[in-house]
Amino acid sequence: MEKLIALLIAAPLLGAAVLLVGGRRLDRVGHWIGTLLSTASFVIGLVLFAGLLGRNAEHRTLIQHLWTWVPVESFQADVTFRLDQLSMTFVLLITGVGSLIHLYSVGYMAHDERRRRFFGYLNLFLAAMLLLVLADNYLLLYVGWEGVGLASYLLIGFWQHKPSAATAAKKAFLVNRVGDVGLSIAIMLLFTTFGTFAFGPVLDHAGSASEGKLTAIALMLLLAACGKSAQVPLQSWLGDAMEGPTPVSALIHAATMVTAGVYLIVRSAAVFNAAPDAQLVVTVVGAVTLLFGAIVGCAKDDIKKALAGSTMSQIGYMVLAAGLGPVGYVFAIMHLVTHGFFKAGLFLGAGSVMHGMNDEVDMRKYGGLRTYMPVTFVTFGLGYLAIIGFPGLSGFFSKDKIIEAAFAKGGTEGWILGGAALLGAAITAFYMTRVMLMTFFGEERWRSRPTRSPEAPSAEPAAEHQGEHAEPHPHESPKVMTIPMIVLAVGSVFGGAFFSVGDRFLHWLEPVTGHSEGDSPLSAATVTGATMVCLVAGVAIAWAQYGRKPVPAVAPRGSLLTRAARRDLYQDDLNHVVLVRGGEHLTRSLVYVDHTLVDGVVNGTAAGFGGLSGRLRRLQNGFARSYAVSMFGGAALLVAATLLMRAV
Amino acid sequence: MSFPLLTATAALPALGAVATAAVPAARRTAAKWLALLVSLATLALAVVVLVRFDPDGARYQLTESHAWIKAFGVRYELGVDGIAVALIALTALLIPFIVLAGWHDADPLETGSRRWRPTQGFFALILAVEAMVIISFEATDVFVFYIFFEAMLIPMYFLIGGFGDRAHEHGEEAAATQRSYAAVKFLLYNLVGGLIMLAAVIGLYVVAGNFSLAEIAQARANGTLHMATSTERWLFLGFFFAFAVKAPLWPLHTWLPNAMQESTAPVAVLITAVVDKVGTFAMLRFCLQLFPEASKWATPVILVLAVISIVYGALLAVGQRDIKRLVAYASISHFGFIVLGIFAMTSQGQSGATLYMVNHGISTAALMLVAGFLISRRGSRLIADYGGVQKVAPVLAGTFLIGGLATLSLPGLAPFVSEFLVLVGTFTRYPAIGVVATFGIVLAALYTLVLYQRTMTGPVKPEVSAMPDLRARELVVVAPLIVLLIFLGVYPKPVTDIVNPAVKQTMSDVQKKDPKPEVEAAK
Amino acid sequence: MNPVNYLYLAALLFTIGATGVLIRRNAIVVFMCVELMLNACNLAFVVFSRMHGNLDGQIIAFFTMVVAAAEVVVGLAIIVSLFRTRHSASVDDASLMKL
Amino acid sequence: MSAAAVHSLWTTAADPISKIDAPKIEYGQLSPTLIVVGAALVGVLIEAFVPRKGRYYAQVFVSAVALCAAFAAVVALAADGYGTTKAHIAAMGAVAVDGPALFLQGTILLAGLVGLFTFAERRLDPEAHGNRVDSFAAQAASVPGSDSEKAAIRAGFTTTEVFPLLLFAIAGMLVFPAANDLLTLFVALEVFSLPLYLLCAVARRKRLMSQEAAVKYFLLGAFASAFTLFGIALLYGYAGSVSYARIAQVVDGTVTNVDPALAGTMGNDALLLLGSALLVMGLLFKVGAVPFHMWTPDVYQGAPTPVTGFMAAATKVAAFGALLRLLYVVLPGLRWDWRPVMWAVAIITMLGGAIVAITQTDIKRLLAYSSIAHAGFILAGVIATSKDGVSSVLFYLAGYSFVTIGAFAVVALVRDAGGEATHLSKWAGLGRRSPLVAAVFAVFLLAFAGIPLTSGFAGKFAVFKAAADGGAVPLVVVGVLSSAIAAFFYIRVIVLMFFSEPRPEGPTVAVPSPLTTTAIAVGVAATLVLGVAPQYFLDLANQAGVFVR
């Protein structure tokens, strides 16, 4: 059965190769090839899943060794795959959601002449992501890690003719590279500590290494996770990444890739367990990010950016959970999966809205759309309820558990973390309600709207087909787009319940991640109650602000916090000043130094000899008698020197 | 007396060069084809060497040894170890692509007499360089190596100074002057390095009485040859200086940007991908073998210089406005990695460095040749003159991107393996330096992506709107390189298997062992 | 009388000749000064020959005279041809080639 | 008076006086010199009796035959073992017949032969009134531009005297390095100097410069030889003899039968040091070492190019030969006195030559300064004071002379309306106009620069190796540095020829006769052979590395 694992990756990889090398002749069928192959991968995933279920818990780890990759003395890296419950979960999420989004894209990208390449990239992403979660050692994981980075770079910048898109893509890649530095240093540390970096031996012997080393490793892994999962301080790229086509945002920047960081931490559980200090840092990062993202999400008028903020915040929850150790690992993953469903659903919904609104993304130009696109409204609504943790829906189960675990951390830490989580829940409720209201309720602000300036950043080529200035005619999206939305909506409604009933998910994952019940100072009931209160509060405030009074078409100046949040709390400006400007100055001055100093020394020497030569040359003045003088003087010197030699 | 395979491998391109130069002026195309065939034949011979070489056999194989200049204690001694084999293969592999890529670079200018034959000269010179590079990889006699190490400069010099990009922003006259400036700079830098090495070579003779690596090693082993510490250090410095100029290592690097900027893309590839490798190779073979103690003594300084090269080169690459200069500074950064790996004195570092030489050769060739195709279309080297190329020439843009990704050593492509090996090898012994070097990968991403963004993306510039995509010949050049990049990225074992034993040998020369891990977790 | 004094004389003559070469412009005079130096050498030879009591020195003196004569022949030929072209025998005028 | 007394008177009168026995001369061993001198005399007779038309051919024929014969004689002597086992001192101690002497004589003869070819070249200049002309004045005596000169040209006169002069010079050079007493040394010096003075004056074009060169060369040469002679006088005064062996003994103090006079002078080191210093200075003047070099550029530039080439090559060979013999045979006992001084001279010569050459604008002057720098390199080998030193210098000289003659032969080819176009700016783009010539010249330049696979490199390596072995490591370092500087200006010329656009009114390259072609070909061949496979010649120089005492 192990033989199948490689096929999981091979299928989409083949798709990518065919579509990218195949050239124009495949333009017709390209998208179907892509969709077919990703679905194939999903089917294989299901087969393997069935296989795993057929075994008992402790024999559910499959290893497939393909070939020796980099053998140098003690440094042995193999191309080996590991399929256990953890990676299986991810495989299903990736291929499942991925296939759905492939399907969705067939409709969404219908008007793009480069659709074939889009699907090529999507397949490439699937392959890389699967490699990431199936790798059996950190170096191979690194390949997948950068692979998804590349795919996301290509897809964010898919509309390369837009400078904003190209820049966003570059930014995403660079910020991720900073994270990658963490990952590669972590791998080096692992190698120097354990003499290997394969999961098996490392995680088995993690305990026996010195805590200092382990903390270092853990922190480096965390840095990597921050890069990939857009956690503070490396979060800045995610907002810009929304320049990519919406299906990309849904698949890569909501459901799968951005959660890779969580995967990394959970996968390295053994290391983190043995490094409590690092774990604390993880929880802090998680807590900070979940508030950060939430706050940003409240202020954005761009629907995708608002959702991006929410993604950041939700991943913050997961990281927080992962940082809590065995208490939280399972719930981190569980929230990850459920989030995969409803956030993907939300993004697809947003895409569908934009599709119907001439790719308008400014929610202030929406309003009252529920009647025009009912399916989108319903699916989006369900996703909304799921994310705010409406009782019974998937978000409710997963998020609630995390908040409990946070309190269970105990001591002041516990209170702080738990409090943050609760507050986050409230804010989530607020901004999601805001999105919901501004989009589907209220008066139809898109009517008789002022002509949009063509160079508005949100311009997408599809818009050109439908006339720039025409008033949009909101309409429901085609089946090929709505079906995936419906499926995801179903997932986000029942997923949580399905997992939680009888702790299915817990038992499934426990053998890999381990699990321990934390002793919470508050009873589960209390926490749930508190969460409900926050939820209601959030919704209420949002209703008060956006439901009752009409939404102004142009954003009001807003409070200080609002303005800060609009500018992503100024962290981008900070980067710009410190890194970009500083870097520019540094390079420019270095270019100068290289030219004047390093090169100057050499040219200077040459010039010096030239000058010396010119001066000496004058001695040769053409007068025989002066030559005679020099000879005479030379003779005198010669004699003098000889006599001197004898003297000394 | 078996067939002198190594001599043949070097002699074939040499004869080819003569033959090509002799082709009459009118028969230009014939000359091109002749050069191409010769380079392919050489590749075939190199493959034979590769096959005949037994990784687990003696240290030096296919050896040849004949008396040459008794008076100087010089013997014509050839032999290859794994490292040499790998690099010979690389050289022989790249030359055909270089020839093919430069197919039209030397079509004659209007000036000059009937007998002026630039085309023949161009390809003859390339083959001459190939011959000399190959033999200096093969030489196991310091003097033989030195001779070709130096003689190599002359054809290179004419290649750089004699042939440049056609169109030039300041007109042909200015181009000519800049070219000759670059050529002279190249020659003087390397000549000074070489002459200082000459002093050291003479010194070595005074100390050792001959130039044979084997004999000297043996003499040291059985104690008949003892080098005073100071002597060894001076000699080491003499050798290292020359190699550091060639490599090039900061702060001796400034000739490279000029040379690569002014010469045509294929020649630029010849410089970085092939000729400069002789420098790093020589550090590994001569500095470490002849002067192990001095090498260890100098290691700290050299490592620092290497790290400076890595960061400095990368930062300057970010600041460049000229595509070729950018690639040049990127190469300086990469050479920093190679030197780092060599002097980290760990098996990962040195295997990585060797692997790096091969991979960097291929990746730079890919990137630079595509850049050359791009430049030949627009007739400008300035990044600012491009924009939105991927819209009009997607294949060109795609290959360019892959070349760039290889340059920033994206995992899955060949350079990643070598770069990571170098970093790990360094980290295990010098963590701090390893960490600093690791940040080089961010800068690498920066300059590559900035280059790609400015040239390939964004709105289409009117000047490039009519730009044709890659032609068949150009695809034939690029495609194999890319395939190779990917293949060696996922399956570098063939190369490492050849290289590792040789590296083990070098490690034992310098009596160094890899550091042990804290926990013995490996199965 | 102590022959050494003649040596001093020879040295003096030689120096005078050398100085003449350095300070005089006219090629002929310069050349004459050279001849003077040669003769100083002759004197030295003869004196040493006397001191050592062997004839080598005196014979050498004759050789020197012959050589000097030969030099005169060649020298005058050259100087005269130069004079005829330039209408001046000044050494300093002949300074076309410099630097 | 008694009969007995008378008888006794008679007997005293009849007392037999001791008769001088004729000197014993080994003509066979002196044959090379004798042949050349004889040929020179024949040449003079030809000038006297052969009608003008035939002279050129007669002279060339005679000279060529003579030189070949002389070379054959040298080879025969060497083969006969006179270079090694049978090496001894001939002609009553006047001339040494040993390895260095024969090697250098061979070199000089070959250089002379090649030089002869360039002398005899008459295709380069356009025909004057239907007669082929060589690079020498129609009538050296006539004033430039005067009617008499025009008439001479119209009549198709040529200065065929150059050939006997050349032979005389060669004869002197043959003796110079072989001379074994100071008198012979001095005579040989003058014998080869005087003809050269004359040869410098007889250029066909640019007569003024040519004459100026002659005057400068002559006056300074005479000045220098006066110093030499004074040095000889002092040495004679010190040792009471002019024979090398004897002086050496006195210097070492190993001399036997010391008479009181000698005892007196022996004590006086001032004589010795002054004498040797002045003598050495005379030789340094001939090799063109700083600060006695200043005649070199002017003379090289002004003299007719064939003469320059021959002079640059052969004079150096001869003078260095003499210098070697002097320092190794006569003054070894003084080593510790002259070595430091020579160090200094070598260093400033290397650096001075190289540095000043950088800014030269005339190709002939450039080569002149490069020859100065090379003199410095050779001195480094001389200083080694070891067998290696000698052989390395011999090898270097052999290689260098052919490169030099070849280079100047090429210079003679590049011409415009005013004769040879020696200004560098006119050489721009030569590589485009006539790649072959430019390539050949480039080879010579690379040899000068000491690039591997050329004779220049082998020679440099040998010399530096010897120097380093002799413990003169700093000298080697300086040498290396100055070769780096020197490389710069050789490269400048190459750049000019190949990388700069040709001038529209640039010079043309004359198509030479087989004579010059041979000269150049020999130069290239020697450069490459000595560079790629120097072993045989190194062995030769090695066997020849011992002076007879």
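As written, the chains take the letters A, B, C and D, and residue 1 is the first residue of each chain.
Rule of thumb we're sticking to: contacts are C-beta pairs under 8 Å (C-beta built on N, C-alpha and C of every residue); 3 or more make two chains touch, one makes a residue touch a chain.
Here the structure is a predicted model, which is why all the values come from computation and not from measurement.
With steps allowed only between chains in touch, the distance from chain C over to chain D comes to 1. No other two chains have as many C-beta pairs in contact as A-B. Taking the mean of all protein Cα atoms as the centre, the chain whose own Cα mean lies nearest is B. Ranking all chains by how far their C-alpha centres lie from the centre of chain D, first place goes to A. The geometric centre of chain A is 97 Å away from that of chain C, both derived from CA atoms.
In whole angstrom, the spacing between the mean C-alpha positions of chain A and chain D is 82. Note: centroid distance chain B to chain D, computed from Cα atoms, is 46 Å.
Separation between the centroids of chain B and chain C, computed from CA atoms only, is 65 Å.
In chain D, the residues touching two or more other chains are 215-216, 219, 223, 227, 297-298, 488.
Contact with two or more other chains is made by residues 188 of chain B.
Annotation for chain A: residues touching 2 or more other chains are 606, 617, 620, 622, 624, 628. All chain pairs that touch, listed by label, are A-B, A-C, A-D, B-D, C-D.
Interface residues of chain C facing chain A in the complex, by the touch rule stated above, are 18, 21-23, 25, 30, 91-92, 94-99. Within the complex formed with chain A, the chain D residues making contact are 215-216, 219-220, 223-224, 227, 269-270, 273-274, 276-278, 280-281, 285, 290-292, 294-295, 297-298, 336-338, 340-341, 344-345, 352, 355-360, 485, 488. Within the complex formed with chain C, the chain A residues making contact are 617-618, 620-625, 628-629, 632.
Residues of chain B touching chain D in their complex: 67-72, 111-113, 115-117, 146-148, 150-151, 153-154, 157-158, 161-162, 173, 176, 179-180, 183-184, 187-188, 191-192, 195-196, 198-199, 202-203, 205-206.
Within the complex formed with chain B, the chain D residues making contact are 429, 431-436, 446, 451-453, 457-458, 461-462, 464-465, 468-469, 473, 476-477, 480-481, 483-484, 487-488, 491-492, 495, 498-502, 533-535, 538-539, 542.
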